[in-house]
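Here's a structure for you.
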């Protein structure tokens, strides 16, 4: 039995990162992972949230949303409902936390980076595509900002990308699940890793199912490989800026 | 004195309407008017709001939103604020009302058409671009639906497009204001018209200013001309479907 | 065919403006237009909203509400629903914008005028009655304030009144629609004009209908005449203060 | 030392109850108690809240609000704030509970009476004036309804009125406190009683103060007398309907 | 006929007050009144609400909540509903107001005492148990605070406790109603009194019923006796601190 | 260097599970893990959410809250704030998802189990204590329900417990972090496992830090051991019911 869309178990969907996608933001990309498309923007604001004021360090916060027809049937707008769902909150917190792991917040200084990830088309993996795309938008915004302010140190300390892995019935462990696979998967895991191959986030969930230690190891191996490939694509998208990361 | 971007007083910005822009919606376009870009989608749902149930007619409702970085500085998300602003509500009501004027709601039957207009880049005229784009997305969705359900009558009765006109200091009456012009205009008017040259909506506002009957006439003439040009562009975007409108 | 309540096409309903209607506010009127009754009050506060602070100018903002039984069947309170409807927001924005067009905000200084319009009985035309009544309440409040603070210039620059016009089937263009006419009208237009006969707002809407340029001209003529009559009534209500406007 | 407005300790303010005050509601009054003015309306709806469905009895529910400038300084609208204050909720619950004590809910049948009390001018005692006025509006609405539906029994079983009493420094126990007295009172008590002289509600509160059993007795005597006078005024306002109560 | 749980008419349920119940709060008790159990905590914050700033006095504010399964069937969480019910608001305001009557707010200084009452098991009388327990938690917190800050005067001026009384069919006036009695009672009264036997709050309500002056006197006598017993239990719970109250 | 509270790296805090803790719920426990105390209750309702109606299976949903003074400084109530925080939502979703992994939802039938976890004292690990305690409360409720309804199959398929592991500076990998350790940990991981030693959830987060594959393995080993110990304690708490699990 092969995968639904003909891919090999360890094969990512086609990934493309278009930079400078919008006119106004300091950093903006359209990331395409198969049929999943997310606009990621980065905005640098010259102040920090109250709990950090006067502590000489910056902050990164993320917001995530889907257009109502990013999905097959129309999803109600959160603005119309008057509140953000638990799923959205989880994703927003994940994106912000992940990016903070590869930014030297002292080097950034007392500024907030606002990351906005807006899914215009969804086919599974929107939160991991958001992280992978947001890293590029953020790094571009920081590069412009570091030049303008002559920051002594480039605040991005390492690359960061994310993908999903999971266990699909009759196929087994696979990399980069699309929507059909994700809906059918017994186990679903999101992995966020750095360029150095270290874990930032690991979120594995049995969907009314469980998984063994051996299965976990198999999933981690797939994820490590996929993330290495994604980071290569990020480096190409960043062009000249690529080599400033981690310096 | 000439216009800020070199256009003649009666000149529209470059307009482009990309159809079938997204995978999932029944109708979807990306409309570009200068630097303003709006994704418009149409969804047909097999039920009507409570106040129309059992009356043998359909309904059209619209929602409008801007990405936080559609604008030069980041705008707070309405979902995060927990409520929709008055400006958004006004625009949503305008789009829905305008489209209902050119749809035979009895011919549509007891269905609701959801229009979603999401501004991904804003440079003035987002509400009028939304109406012009939404008409195309809606007509495409209706065409597919009319075929699938073998509707006896095509429910779209005429073309519909919108533009803005205004009075700008030292220049006078101009067509299709961009953001810089809009901010500086003493008078600002949104015009929605049909293919037959009849008015659907006329919203003229003096911004801490007023306007005479002669100025009004000048503005209306500009608007009529601009809308005729926009309807030509809609017809090209609709291709084969174009001739079903009003039949 | 004659109008539902026997009026001629160009005839306003009986209008009365009772001033000093309430004990506490600086300006307050009860405006009666046929069976429509609105309490309008004006409050002057010694500060401006954040976006105007330190700019040496004032602001005017309006709030509008209806008692639950102003209407034939009980309308749910917006406070109970926890949010203001889109219709209310549109009306509030309209009232504030209209009044700002005839007030010299620099002459007012860094103060906010709060206009409250509370409809206690509704029979069509509540938003235009609100504007006409609010102008009187505001002017009285400003007169007291100008005296108390010895303002060098009286900040109200011209008169301002509003009415509705529309096209009703089998009758044609009529002035000052009541609720029955408004519900049946194919086209409905709100007009706000100054004492000098200039437009401040023009909001014409085809209700699932459209209108031609000739029909528009006919509607504008009716509106101009009605507003001139309303301004005469305002002048009588204002008494001694009347002549300070625009000086 | 005499009372602030010259009244004797046991003297009510002038009370007036104007019936049929509004066009649309089934019952409506304007009650004036000194400078306090409240519009009270009653609406009968042919359904009951979920918890009463199918139990063969009716319900009475009340809503209360103040116009922003009913008060000396402007009070923020609850609709604008997006929620009802605790004070308003307390008052609403009190009004509904009080009226239910004198209505035979089985005789009313499965209907809800909505009471709306809107304070247009406030000078103390708005909640007790609301109860006294609402009783009249409700009884008128019920009378019309009982006739139209030929109810076998008139559902109002007794009269009901309310007033406040309190202990004011240097004066002692007084009846019907106005705003100045209410602000200064050490003890404040609202009393709701029936035509038969029985208590429905007794809410006595020491405002950072306490009161003895003797003081309580003195307050109750004042309240009993004031309520008897208010019920006489209600009877006159009700005219022919007056004698149907309790039959 | 005897009471549902075998008690005499004038008999309280068994009452226990466990102090130092939680690790973190400055004052905390678990109060048990029959099957009703409430955790009461007191927190002293070094600031006052805006309306008191700079006036040299403190404030006491209370919050009240029930665990969803404090009750026989699950009650929806107010946090999930997004708003606090009217019943909760009434109780919160009552608790705060009652405690303020026995605290010298000037002696407290510009501080706020936050009282939290969380009902973990409910069997009637939760609001009066909250007041009785909160007094102990508050007094303990104030004692620690008075020592730490060497306050010149102990701010608690008298004891304070609360209980309910009511009229139950076929039994008559009873003290300290449990849930079954409370549901069946025709009249329900909450009484808050001081150690000196003075009233702080008196809230008597006929539940679709009324009560006479004689019945009121009978209820007050029961309440006075019950509160004296509760204050004895508070004194024991407070131990050494007991004698600082009112000194 | 040893742990802050003297424990060995692989040592749990003292754990106690008191069953039948509250009077009303079908299942209720107080779980104590060191100084962390959580009341967990289970309620079985005879209906399912809309998306499951008519599908012959049940659902489990969880709510989580903290008393304001569960924490060292007072935390604002979510009910007062009017919305649930992202952290709370994440925890609620985690608890529900975890429990669903060990319940045969078809065997449960069309019922919803509501789990309520209320933290009355917090010292780290509240979410994992909630899961461990909720499993016991749920199993007791299901046991009573299975007997009452004579369910053919006991729906709980395996044991389930949760703990935290983390990497603390100068100490390394440790089991069951208290608040002080949690605040200082570079890496924090929550692990949920079954009685069969399979993973249900794995949530590892570098807090502005990252972790290697070797570190991950060390953390997993600690977690496996801790969870085995917790499941032994659950079995003792469940008594006779213990052996029905998984049968």
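For clarity, chains are labelled A, B, C, D, E and F in written order, and residue numbers in each chain start from 1.
By our rule, a residue touches a chain if its C-beta (ideal position, glycine included) is under 8 Å from a C-beta of that chain, and two chains touch if they have at least 3 such contacts.
Predicted model, so just to flag it, every value in this text is computed and none were measured.
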| item | value |
| --- | --- |
| Fewest touching-chain hops separating chain A from chain F | 1 |
| Gap in Å, rounded to a whole number, between the CA centres of chain E and chain D | 28 |
| Separation of chain C from chain D, taking each centre as the mean of its C-alpha atoms, in whole Å | 34 |
| Whole-Å gap between the CA centroids of chain B and chain D | 52 |
| Residues within chain B bordering two or more other chains | 82-83 |
| Chain contact graph, described as a line, ring, star, complete graph or other shape | ring |
| Order in which chains appear around the ring, chain D first, chain E after it | D, E, F, A, B, C |
| Footprint of chain C on chain B - complex, ascending | 83, 86-87, 89-90, 92-93, 97, 100-101, 105, 189, 194, 196-213, 216, 220 |
| Contact set on chain B toward chain A in their complex | 22-25, 28, 35, 39, 41, 43, 45, 63, 65, 67-72, 74, 77-84, 88, 114, 116, 118, 120-121, 123 |
